[in-house]
Each structure stands twice: as structure tokens, then as C-alpha cells.
């Protein structure tokens, strides 16, 4: 088992290294220049000499290989460098946005789970009947509604019908839970509904599969109460694939809410990604992409470990 | 299990009792409804110039932010343009990009998947590492990155969205193709000296048609959503092109309380279209791939 | 006034005077300027963008100025109540030598920095040395503005002397740049980059907190040199990028205003929600949208085609229609309408595309196109930024205008990074360009029309020595009226005779603000604002 964990963990490294190399090259293919964007995009006139001096200073005139090695050496010291736009450490730039994005991801996942597990169970138990159909439509609709549009509608109703405006700036959860939740609950709902769709389907099909297993049939035959069978036997065993889906979606929620964050004016990682790309802030884009990939790869790793731990049928060589 | 599925897929004719289309409609009423809606949309898109009451790009500075009325069924926008006409013309943009991107993306993904599975070894390893990398990002980020590199506009959007589908389709198709690759008849074909490409396209490709179709329909809805998201971010098509995502950008959000019709109708159009496509896709998946049927 | 009212009967004149007085009284009551400024309160306002670094000498964006500016003083500054008048800030007074080569500033004594130390002329010399002659890897964005400066000297703690190589008209206005924060010499010596990420000045407010992406907080500086000021206890800037959230914040009273500007539709939205609670300041904005024509591409190398393009654009009609939906309005040539160098309307209407009779202009345009052999429905691309206000509105309008002379124009909106790259590479047919400034300075405004081998911002790709010569002439002319004549000659040649490029419309600043904000006066640009030392809050 330990060996499995170790080899599985080591497999992460080549993926991340490829991400690093690719991102490094790709950001430099994108046309545009951070110095120009920073100094002339407001309409001011700046001489070419100034622009050149600034490029020099940011190290953009160095050979690509040197820039890459500098960045790599930094990573090994856990230093992602300075943002070319603000001059602040990349880690700090990300750290400011991460709490909001993490919390939103957690809340959206919780909401998605709270919708998905009951609905999915209901659908599985009434397979093929009208309840099943209704659940199916609800979940397909969830995948069809753009969550940013749902967000616009939520704001529209809150503002237009109730005259209520959610807080516009982020308050940390521990500082003022009320203000914090008042801001984040709405985007969490918009996103959570969409993400509940996949989980609902997974719950339904996983449960159906388990319900067909012999031990469940035995339980029925024994005359056990329905809720007991469900809770003790079926749900528990159906949970594994469901948790997987939730986990993977969670990983994508950090950084993937690019548009929703825009609609709700949230200062999160997704918005930072759009900003960084727009500003051609190479160091920040590199750091952010590495972080997003790392998050996904780690969740994948944890899911694999969970499988190994929960399911004795899987063997590891 | 694999063998059974294979037989079913290679020789579906043997099991045919009634016409498959009729059977599909009977078994999947929702899917049929979806298909119907898609045909309606196609009709709207094709006949847009004759159906739409107004020119979708004509400015009318005397009629800005008009609420829905008999003259403008869905009201007007910040330039005094007729929202309904723009929604109708927007169907063109959505369908062109949706079909274009999903067809190209799914096909390219399928080809790469089959080729990678056939050759195996180092080729496969390299392709799979690249796919791993692309899969470790949310699809919107991948699309965003590609758009940043190649630029905006309808044609480029199709390419960007298509490319971001490739790794997902590739994974699924490769999985199926690996199963086929292990079959003895592939080995037999190699023994009698058939060329690699001939084997890939004559023997392997037909056997991954089902997952290909499933991924294709799944991509269609997602392509329309991605186009809307990118246009909303300002990285899609340009004004004054009629496109649903673009219609939701800017004024539609800024003046949501004053002119809610600007936000409601294009959003409804997106939702209904994707809903139709997804429902159809689900039914198709059920019909094509019994292993996935639950 | 005196000579013209001779014919009016005496009694009626008295009545008129009385009415005038009453109106003035009523107005002052409404405006509340009769009240004495009240001390206290925190002003909350919005900035729609974040500062890159905090160093004024290096940055060029209002996003840096709006939160950071209240922490600093200037040597001299624009008086926001009487723009473009320049007044002393840290300078108590100044004199210029007869030949315009030596400027001597007397520095206020006893001015304190926020760290408690006292400001001397050394700090001002260090500041301007850094702006004019940056050393090492320090970057100064406005170095070119001060090319005429030979040395900055600080002969004693209360005196600063600027010696120039040649006389420049408007030198003091240039020194009054809102970006010229006065820094502390000792800190600059220790770390020339310290000010990029830290704040420490002599301004009316001291720095409290900055949370990136969220807010900025400043608190009243008790030892500010001007006794009794500032009136506010503090200020808070909210960073809100989304327009809808910005509107919501102002409507809900979470913020009192935003000092860049809103669109007419946004204004209507705010007024609809707040009614009498808001006041609105408007002013011709020192920003404009122009169109650069790629003269290296066919058929745009043909002056007839270029003239047709500008002739087809209805400025006067566009001013009316577009000002309903976008913050553009004033019609003008290269210098800000209403400014001291602006072309008078009688001259302006003679330029191609500025005539009052648009039908006639369009006829002329069609004739020119036919003459040049441009076919009906000829198609080209107009490149533009992907910013909705006002670029998109201007682009959509232009496409519609050209449609009316039988041209089929494709509008291509691209994000900023690509936009600048394409502009630089000449990768466009026509491109919507723009400029913003805090000063009416022909040296800057005319720059983009100089020959391509002289000006780095000429996107037309042409060479015209006549324009280059005119430029130098106006730049060395001290007499303002004479200088204006050279400027107009330049404008006529570049915009009308050769039509290398053209102006669409100038921008119109619209600032809605809660009436509780007092002492605020809307100026021609968003760089010299906010002037927090003079603002105050009513109950």
C-alpha cells in the first residue's frame, strides 16, 4: 500500500512538469505585451525608450531559456516569483483570492450534494416512473442553464422584486459570517444547481447498480425496512463513485468559475485568471495555471487513495 | 461483456424488429421532443431573414430600452435594436459554432484516440501525457487560453472550442479503441499485411462510432454554452453580430432591473437550445450504448 | 455686457438684475456652497480598476491615482475648482526668469511627512530628479515631458530651481502633472523602488490599509500643512470592476460616486433610483476617439478614399445620437473643444466631415469613392477594442455611417493585448484609436500625426515633412494665440486636406454623486481628481 501511494504520488510530477513547460511557452505565444498594456492602455503617451526600459526591468528581454530556468529554480524554493503587473509575490496575489474561491467551491459542492443525493436516490427508487422523469428533466435543465445567466436572474429578482442588494465586497467568514454568507450564498446557489446535475445522475446510476447486487436483494428478502436497506446497505456502497464526481467537480470549481465571478463581482481565482491573461502577466498566469493543475491532480490522487482504501478488490502492483 | 457489446454494435441489423427511428421515438419521447426543438431552431436560423421582424443590426436611437410590446415582442436593447430579431439571428451563430466546434472537436478527438490506441507504446504515452495536462484544467480555461492565442471571431471560436473538446473525446474513444485493438481480427489483418491506416479506418473506426456519437452530442450543448460564456467575457464574436452570449454582455447586466427583457430572452434561448440538445444526447446514448444504460 | 445693454430701459434692467441676484441666491442654496464646510465623515467612492504599482512616477493609469493620490502633495498642482489654473501646493510661490529658462520655487516651511519628518527642498529635488533623469532600473513614464530641463537644484532648504535648455510654453502646467507625487529623498536613496509597494507622503491623508481586489483605506493626517484641512476623517475606495455592481453600489448608497465617469444610460439608471439625492457634474473630457487609417494598404493610400471616409461621418448628428447611449459628445479637432487651443466652430465646419450638411458631405464622399475606383459594397475591417464604453458604441456607429455611402465594414473587437500588438504591427485596415490626458498640450496631442519615422505612435504609416515642420514651429512658439494658429494649420492639413486619420468625437464626463458630497467640482479629466483635501460631507 505504501509503495502504491508513493508511486502514485510520483506520477504527479511529470504531469506538473509538462504543465509548467507548456504554460511557459503558451503564454509567450499570445500576442500582446504587459508593459504596453500597463503604460498606454489608459490613453497616455509613453516613449518607446520607457517601454523598453520597463521590459528590461521585468526581465522580458532575457533569453527564454534563462527566464524558464529562473522560474523553475524559484519553484523548487516554493517561490513563484513576482507578479509583473503589481510587483507583489505571485503567491500573495493568489492567497488573497483563494479563501473566497475555496469557500465558494465548498458551498457550491455542499449545495450540489444536498440537491443531488436525495434527488438521485428518489429517481433510482422510482426508476422509469414519473418521478424519475421529473428528476431527469431537473438535472438536464441544470446542465443547460448557463450558471452566469442564472446568476443574472438571481440578482435581477433580488434587486427588482425584493429591493435587496447583496454585499459587494468580501468579508472573511470568521470576521462576519452573516455578511460573508449574504454575499456568497447567491453565486453558490447558481453554481451549485448546475453542478448538482452530474452528481444527481451519478447517484441514480450508482444506486441502481448497487440495488441489483445480491446482498441488497437478500436484505429485501429478509424483510428489512426500506430506509434501513437504503441507509445501511445501498447508499453507503453507492457513495464511492458519487464522492469521486463531487471531488473532481470541486477541483474544477476553483478557477473554473470565470464567468460567474464576473457576474457577481467576486474577487476570486477565476477572475484573477481572466485578469492575468488580459494583462499578459506571465508570472502570475504561470503560477495560477500551476495551482489549478495542482489542485486537480491532488484531488485525483486523493480519490485514487480513497478507492484503494475503501475497495479491497483493487490490488496494487 | 465486451464481446457481447461488440456483436451488438457491429451487427445491429440482426436484432432489428421495427424501424430504428420509430423505435427511438417510442422509447425516448423526451429525446424526440429535443430533436423536434432542434429542427425548429434550424428552421429559425435558416429562415431568419424572412422570419425576423427587424434588421438585427439596425440602430434606432429613438427606441432604446423599449419594453416588450406589439411592435417589439421582446423589447429593444441599448442601441434600439429589436431583441427578438437578434435572438432569431443569434440561433445562426449558436448553431454554426455549436455544430462546427462539436463536429471538428469530436472527430479530431476520435481520430487521435484511435490512432493513439492502435500504435500504443511511446506515441500513446506522449499523447496521453498531453491529454492529462489538458484534462487537468476546467474546459473554460482551456478554451480561454486557446482564444487568447488564436484570436476571436466566429471561425476562430469554432477552432478554439473544438480543440478544447479533443482531450475529453480522445480519452473516451481511446478506451473503446483499446478494447477493439485487442481483438484477434486486428491481429489477423496485420498478419495478412494490411497497412496501419487501413486497419485504423476500416477496422477500428467503425467500432468506436457509438462512443463518438455520444461524445459528439454531449459536446454540442457544451459548445453552445462555451460560446455564450466566451462572448459574455468579450472573447467571442464581435458586435454588432447577433449572438446570445454577446447579448447578455454589458448593458443586459448593467440595466437588468430597468430592461430585464434584454437579459431574459437570450438566456432562455441558450437554455432551451442546450436543453434540447442534451435531452436528445441522453436518449441517443441510451439507444447506442446499452452498457451505459441504467 | 455693459455696451450691449444700453438699449434696455432702466426699470427693466433693474428687474433683470434683481432676478439674476435671486437666481444666484437660489442656486447657491441648492448647491449648498453657502454653508461652511463640515468636518468629519468617511467618503466612500469606487474605482473600477486596481492600481498596478503604487508609484506615481512609473504608472500612467487613473487606477493608481484614485486611491493613492490623497496621500501625496505636489510641488504645484491643478486647482480643481478653477481648472486649468495651476496653484502652489508645496510651493508657496514661484518666479520665472524673463527668458523663460529659470524657474525658482519657494517651498513652504514646516511641512510634515506622515512619518513625522520635515520636508525640505532636498525631497523635491530627489522627486524631480527621479522623474526627469531616472537612474539605474527606475522607470519614469513622463520623462519625455521634461526634455527641456537641464538641472534641478536645491540651493537652500526652502528653494528649488529648475534650469531649462530652451524655453517651453506651459512648463508649470507640465510640472503640475497629477502623477508627480513628492517622495522623501532619504527613502529614495535607500531604495529607489520602495514607493512601488509602499505609501509615505505629505498629503492630507495617511495610509491605513489596502486589500487587493477589495478596498483601500486612508485616514486624516493630523499634521497636514494646511490648517483646518482636510475636512474628511478618512476615505475608503471600493474596487468594483463590474459596471452593474458599481451602479448597484452607488444606488444603494454603499458608495457616493466614482470619479472616472458613467454613460448616459447609467446616469439615467442612477437618477431614476435616487432622484433628488444625486447631483450630476458634466464636462468636456480630455479624451477622444480617433480613427487611424493604414495608408500603406490599398485603397487607403489614396487621399480621395481617406477623405471620403471622414466625410461620411456625421459628427453633429452623432454627437446628438451617441451622447444618448455613450459618454461621447463634444465635436472637435485635435485640441479639446472648449480648451484654449480648440479650433473655433467657424473654422471647424470647413474641415472634411465637419460640415453641417451631412447629405451633401455623403454625396461628395460617394463621388470621391467613384473617382478613386472603389466599388459599391467595398468591404474592409475596422479594428476596435473590446471595451463597451465608449469604443463599442463608436465602432457600431461608424459601421452604420459607412454603410450609408455604400461601404460594407466588418467590425472586429479585440482585447487590449492583441489590440496594441496589431496596432504596433500595422495589422489593420482602419483602427479606432484613443487618447486621454490631463493637460491641453499640443506637443502631446499632435504627436500621433507626425511622420511615421519621427513619431512612434503614428499608426497611419505616412511621412509628411510639412506636418513635422509645423509641429516644431508651434512647439517653440511662446505666444499662445500664434501657437494656436500653427496648431490649426496642422489640424487642417492632417485631418482634412490629407485625411491621414480623423477624430470621431470627444468624450463627455458625466459624474453623478450623492449630494452629501460637497466641494466637488467636475473637471475636464479623471486624473486631477479626486481632490480630497477640499471635499467634505454634509450630514
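In this document, chain identifiers A, B and C correspond to the written order of the chains, with residue numbering beginning at 1 in each.
Everything that follows uses one rule, which is that a contact is a pair of C-beta atoms (placed from the backbone, for glycine too) under 8 Å apart; a residue touches a chain by one contact, two chains touch by 3 or more.
Predicted, not measured: the structure shown is a model, and the values here were computed from it.
If you draw each protein chain as a dot and join the dots that touch, every dot ends up joined to every other dot. Farthest chain from chain B (centres taken as the mean of C-alpha atoms): C.
Once the centre of each chain is set as its mean CA position, chain B and chain C turn out to be 47 Å apart. The geometric centre of chain A is 22 Å away from that of chain B, both derived from CA atoms. Centre-to-centre, using mean CA coordinates, chain A is 41 Å away from chain C.
Chain contacts: chain A has residues 30, 155, 159, 262-263 touching two or more partner chains. With touch defined as above, residues shared between interfaces to two or more other chains in chain C number as follows: 242, 244, 415, 417-418. Residue numbers of chain B whose C-beta contacts span two or more other chains: 148, 253, 256.
Chain B meets chain A in the complex at residues 30, 129-130, 132-133, 135-138, 140-141, 144-145, 148-149, 221, 225, 228-229, 232-233, 248, 252-253, 256-257, 260, 263-264, 267, 270-275, 278-279, 282, 294. On the chain C side of its complex with chain A, the touching residues are 50-53, 59-63, 137, 139-144, 196-197, 211-215, 238-242, 244-245, 248-249, 251-252, 254, 287, 415-418, 420-422, 424, 434-437, 444, 447-448, 456-457. Put simply, chain B touches chain C in their complex at residues 59, 61, 64-65, 78-79, 148, 151-153, 234-235, 238-240, 249-251, 253-256, 258.
Of all the residues in chain A, the ones that touch chain C in their complex are 30-33, 36-50, 53-54, 56-57, 85-88, 93, 96-97, 155, 159, 165, 168-170, 262-265, 267, 271-272, 278-280. On the chain A side of its complex with chain B, the touching residues are 14-15, 18-19, 22, 26, 29-30, 133, 136-137, 140-141, 143-146, 148-149, 152-153, 155-156, 159-160, 204-205, 208-209, 252, 255-256, 258-259, 262-263, 273-274, 277, 289, 292-293, 296-297.
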